[in-house]
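Chain IDs A, B, C, D and E follow the sequence of writing; residue 1 opens each chain.
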């Protein structure tokens, strides 16, 4: 139970970091921490009562989740790189949707 | 449809068709004159049935020309016929074609109205006549004609509206459009007096009833002679016919309305004569004479309303009076027109002698149609309640005196006014004028109603005294005038009461103009306000971009997402 | 099931398909486009007349397609619908001829005629609609199909007018949708049936029904140009003359007026509408509109604007007629649908002839036009008098029946209103007529386009004279069997039959 | 926006987010604490059905048999991410500058060891914790190390062999699934007799694909670094 | 239902076929386009077949791996998922057809095809999923493929938008996953039907509801958390915008809908009202923002923000059957119409080189079909009859009236009017006179007609929607009943 609370805490702290992040890399890192929090919750709750065999389903979910998180992280990093790289000059010079 | 039905239909149709066919180029004189031929033919060969029904036409039209209607139709057609021929050489220059189109349409309307026996058809013809007559009045474009035309058209509109109201109310309450049925049932109609009042107003404008007569002295002098002839000789009579058609004559006595008619008629008879006396233009004098004569006919209508049983003789008498007046007045107007043309001294004498004939007739001189007509009208008075009978016995001869004076004034003015300076005219107008004089003399004796009292020597003598009285009065008046040092008498303006009326009208218009200007300004302010609101709203929408920019910032959006989750979670607690 | 069963659909297709093909046609294939247009119009006329004849034989057509659970799209040949669809089919043919002549050499004709056809399709659909939702569908379609015509010129003024038109009509459509649904939530059906559908609910849902009626009238009233929802109409006069004819006589405002009829006759039913006091309210609104439209017309200096305000006023005669609650008045209202259409289309045609031939748009420039274009101006004059209500023009018949009907329904005030309105009509029409015939023409017309011997192109003149003659004929022969009046009488009698 | 304003806003955001997050934490903790103490999961069901799955380890059984479909999609996600990265790949991979002796020698020792470990994890996955993902991860790590150590051969895997290696895992899953369906069974329902073999084959294929994909992702990131320039980026719209 | 009926493997093919096609398209780039189009066609057939199946035989469950829920994963198909699968196939088919010529005029490589196939697979898998965690995986597959497609527009803003989209999407997914974790540890199952049976209304469920709804709201761009949508949808290549706006953004809503009928069926009214309020705000706000955009694609994107609002009006009205029907038809109509509008906007963009609204009159005469497509699409968005959107709105209003909550009805109508305002702000330019037309070769006929076909479908949807409507939540059957009528 403590671990799961820790997971929640991790989730929340990372969430705050995500919110306050301005640089994409920070956000990516924070998101990864967030996902760790979620995985921690899943795994911790799978063995709520000491002594009993852990529930394998959450474990499988965590593994799948990790793969998904890795994929997304990789994409995010490459996107960040692309953003920093001086891509071809913008062709649309209008004001974007937000802004007066 | 049989031949008679076709013939009746041709009465208004033929002039209308002629107008349409020849709107670009006027045909020969004789062809133009055929316009009135179907109407004459109807009088000569009256249809067997009192009414012919045309269920497919308008709202189910009924046409007929029996008894009094035939008499109305006869003289109207003849006057139009002569006027058409007269106009053919009289009207020249620009707008000639236009004049004839209006002339023929007015003729169609006039003749059609006389034979229409149902309200929509009558109204249609009446309107056609009224609106077309406008074209006749304003033929000679000048500020004066325009003014006359404006006054005329405004009154026509008021009249048409009143008539439409009267007819719709009558048809609505009685469920019929036939005049005969309306006459029958009007007494039972819930809004009887309203309907009658509207009809009095609507037809009164046409008939030149006092106060409503103001268009007559304006329109007649400005219109060309043949136009004046038909306006005064026939068209104004249509108003009278309208009364006879619409009011419950012969069905029930309406003492109130009857007295009103008699009093108003007498007032018109004298008022017209007196105001006419103080005019400088012979045609204006004739116009006022028409007002006066129509007054006498109005009295006739009043008597029928007072005493329903008098309907047959009096309506015949009225018709005969109208015939007499129509023929005489048209002859006078044509003559007055001729007087303004370039004429030699010989011709001037002929003219004056010729004009004296119808003048005498109007004055009711013995052996003239006037004598016949007046005696026919008076003949039935005895059947009236005493006080009315007495009044009429006194008033009508006095009216004759007034008319005689007026005619004298007219002849004097013509004599003074004639000159050699006017435009040249050919022979034809003179011939046609002669024809009209002939009709004045002959026709009344020919068609004189059988019921009229035979003419005896005492009658003839009795008929002379008003003339004599008039002569005496005239002499006295001239003497007094000379004694007073020939003061110049201020001329009454043409149209007399028109001046205050117009003042009222114009100021009312100004008032509404001002208030409508105020309304327009208010509307503009409102619109501007709305436009301002729209602009402000649009600016607000544009500014909402700032809010959107804030909303879509990463931090804000995520916090909002968080709050959304919290809110949902809290809401889920129920 | 023969081909005839699909007759209502064929009526729609006869204008829809040519319209769609015309869209695809290149601009220069003038002959093909004209041929398509005219053949479509002729076929439509033939079909509706056929349908009318069959209806006289007692054969009625109905087509249904499920749209929503419990709600169908219905096309049905009812008397009232046929009455309207015959009018629109006839005037469409005339207007098409006129438009072909009018738009000679102007750009974007394929687009124009395409939308023109769509417009008529929508009108026919609204006329044949068998329930309120079908009517709503075509009502909205009409809004959209007309917009490109209003902005056809592509100028700033045209676009402004288009925006205004849309703001009003789309808004009206939205309100109508809301009202329709509201009604549906009360009654559970939207079918048009003689006597209406609300009768069983009057006792329990009187307030809701009344409110829904107000909402529905507000929705339909936009197209029917009831004050204060009328402003789009005078603004939309920037469109070319055939479009004005379409707006004012054939399609748009007519659908509005027709919608009011459907609402009062077929949805609420005369009894319920009067019983709830709704018809009386409508009558008052119509009366205000009649007077206001005329007053505004008085103040106009532009001919088409004046005609537009005149439409605002005249159109409410229809509303008034159906709101008075008597068969006779209803006859007047129904027949005015046709009469107003014929007269107003003539007036717009004549105004278009002036604009196209002489470049005259303002009333002050019309002086002496009678000498230069006697036929067009004669048609104009005739119909102006018709608008005033002078017999034997069509307008007289309408007013006559309205007046008698008003007396019949114990609403004599309406007669006074009619008289006053007629005087106002005269006050704005007669000065024009006077200027046309009695003023001298100017030395030089703004843009004189001489075209052969006739005063203007025959494609413009013949439709004008035809509609003018029709406007005269329907008045002159009003009592003839099969005249619009007789027909309207029949329809009104059906609505008021016990 | 002026700086002080921005600062105020930033402080506000920081404060607000802290508050909101605290709120969330409180809520979640409350929810967590209110969970029933008794585990309610599917552990018992898994244990009961384990014998027929062809895997001794319950986690592997869930991953590859009970919820094999999830794993199939998960590999699809991985492949998709790589494709997405490829669309953004620009620039050339420059050889690493002198990785240094230590790294080079370490790599040459560790790489074979890691290969063996990966093989073991894959094999053991059937009965003990471990499996395709873990093995693939180790393999990819080995490759990364070789690349960092300056070895050229991981990059030499390109063209067709690379593509085949990338799709191997997903293809294997799909082929097995479709084959079973064609055989009249439900998708991914392995016949009890061959289940163990099928799972092994699938795991091997998946391991290869996962390893190659992860390695390639890494290489792509390296390329991205190579072409980077000096502009700053932000999450907010430019 | 566990017994295999003939043809019941359609659910498998609907998922496997696009995946396999993606692999082939990846391996053989030269035939990628053909493969993708062939697959889309096949998807259409399969989806129709499935729809026919569920219509004939009722809701359909398919146990993957033969285990059956709750141990294994079940696929689940009912008329709702059936019609959505069909419309997905239709939109994808038209968009891919459009993309052939579109890609030829850009630098976007052949990887577009496999990625779009992954997207289609993810969409189908999501629509057929009946498992809370599997939904997570499909959501991720969907989001990542969508992000990848957005990033295809090789342009700074597009990349930035893609990154934002990706990060927002990950955070949202994690919230969802945490919710799944809570649900699983409450009920011990992941299958939605089983969850519906076992879920208790406890604090953990509340939290799960909050987490999952917030996550799905972010992914579904519900106001006020629509922040990622305008950028991603407007800077993406046009066919991608079409797919995103038409299909992808509906997926999270679909998930929420399924959850609403399963574990959260007991949610108090306040939750529905809250979501409905946000939907109403979205309608107004999105429309206003659309109204003030200077760029066409941004306008359309904001229109999507507004239209999503309508979907969420479902929640306060969920008690009426017509609400579900309405929202379903609305999704169909919006998908077709919005795709048409984006494709049309793409054509204009290609010809003009930009999509500033004030310059659109320059393409008006050259691209009549494109313009017609946009106009018809716009008309549908306005919700005019006989479009599917009209039917959808009608049913929603009907539900509102049935529940006596007229406010929602007014919102629905007002939203229509606002949408008319922005649609005609664009169309007004179509009728402006202009003498400088542009070269129209940037948009060949195939692209124009693809857009037009979609628009026409959207417009006529209402005419043939009636049988569909009857299917959705038919008498005595609701989505809940479908899910819980599972045989053990």
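Note that a contact is a pair of C-beta atoms (placed from the backbone, for glycine too) under 8 Å apart; a residue touches a chain by one contact, two chains touch by 3 or more.
If you're wondering where the values come from, they're calculated on a predicted model, not measured in any experiment.
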{"item": "Neighbouring chains shared between chain A and chain E, ordered by label", "value": "B, D"}
{"item": "Chain occupying the middle, per Cα centroid", "value": "C"}
{"item": "Most widely separated chain from chain D, with each centre as the mean of CA atoms", "value": "B"}
{"item": "Chain pair with more C-beta contacts, B-C versus D-E", "value": "D-E"}
{"item": "Centroid comparison with chain E (C-alpha atoms), farthest chain", "value": "B"}
{"item": "Chain B and chain D: spacing of chain centres that average the CA atoms, whole Å", "value": "106"}
{"item": "Rounded Å distance between chain A and chain C, as computed from the means of their C-alpha atoms", "value": "65"}
{"item": "Cα-centroid distance, chain A relative to chain B, in whole angstrom", "value": "98"}
{"item": "Geometric centre distance via CA averages, chain D-chain A, whole Å", "value": "14"}
{"item": "Residues of chain B whose C-beta touches two or more other chains", "value": "542, 545, 548, 551-556, 558-559, 562, 565-566, 569"}
{"item": "Set of chain D residues in contact with two or more other chains", "value": "13, 17, 21, 24, 27-28, 32, 35, 39, 41-42, 46, 66-67, 70, 74, 77, 80-81, 84, 88, 233-238"}
{"item": "Set of all touching chain pairs, with the criterion as stated earlier", "value": "A-B, A-D, A-E, B-C, B-D, B-E, C-E, D-E"}
{"item": "Residues of chain B defined as touching chain A within the complex", "value": "542-543, 545-546, 548-549, 551-552, 554-555, 558-559, 562"}
{"item": "Residue ranges of chain A touching chain B (in the complex, touch as defined)", "value": "15, 18-22, 97-100"}
{"item": "Chain E-touching residues of chain B, taken from the complex the two chains share", "value": "541-542, 544-545, 548, 551-554, 556-558, 560-562, 564-574"}
{"item": "Complex interface listing, chain D residues touching chain B", "value": "13, 16-17, 20-21, 23-24, 27, 235-237"}
{"item": "In the complex with chain D, residue positions of chain A that touch it", "value": "1, 4-5, 8-9, 11-13, 15-16, 19-24, 27, 41, 45-46, 48-49, 52-61, 63-64, 66-68, 70-72, 74-75, 77-86, 96, 98"}
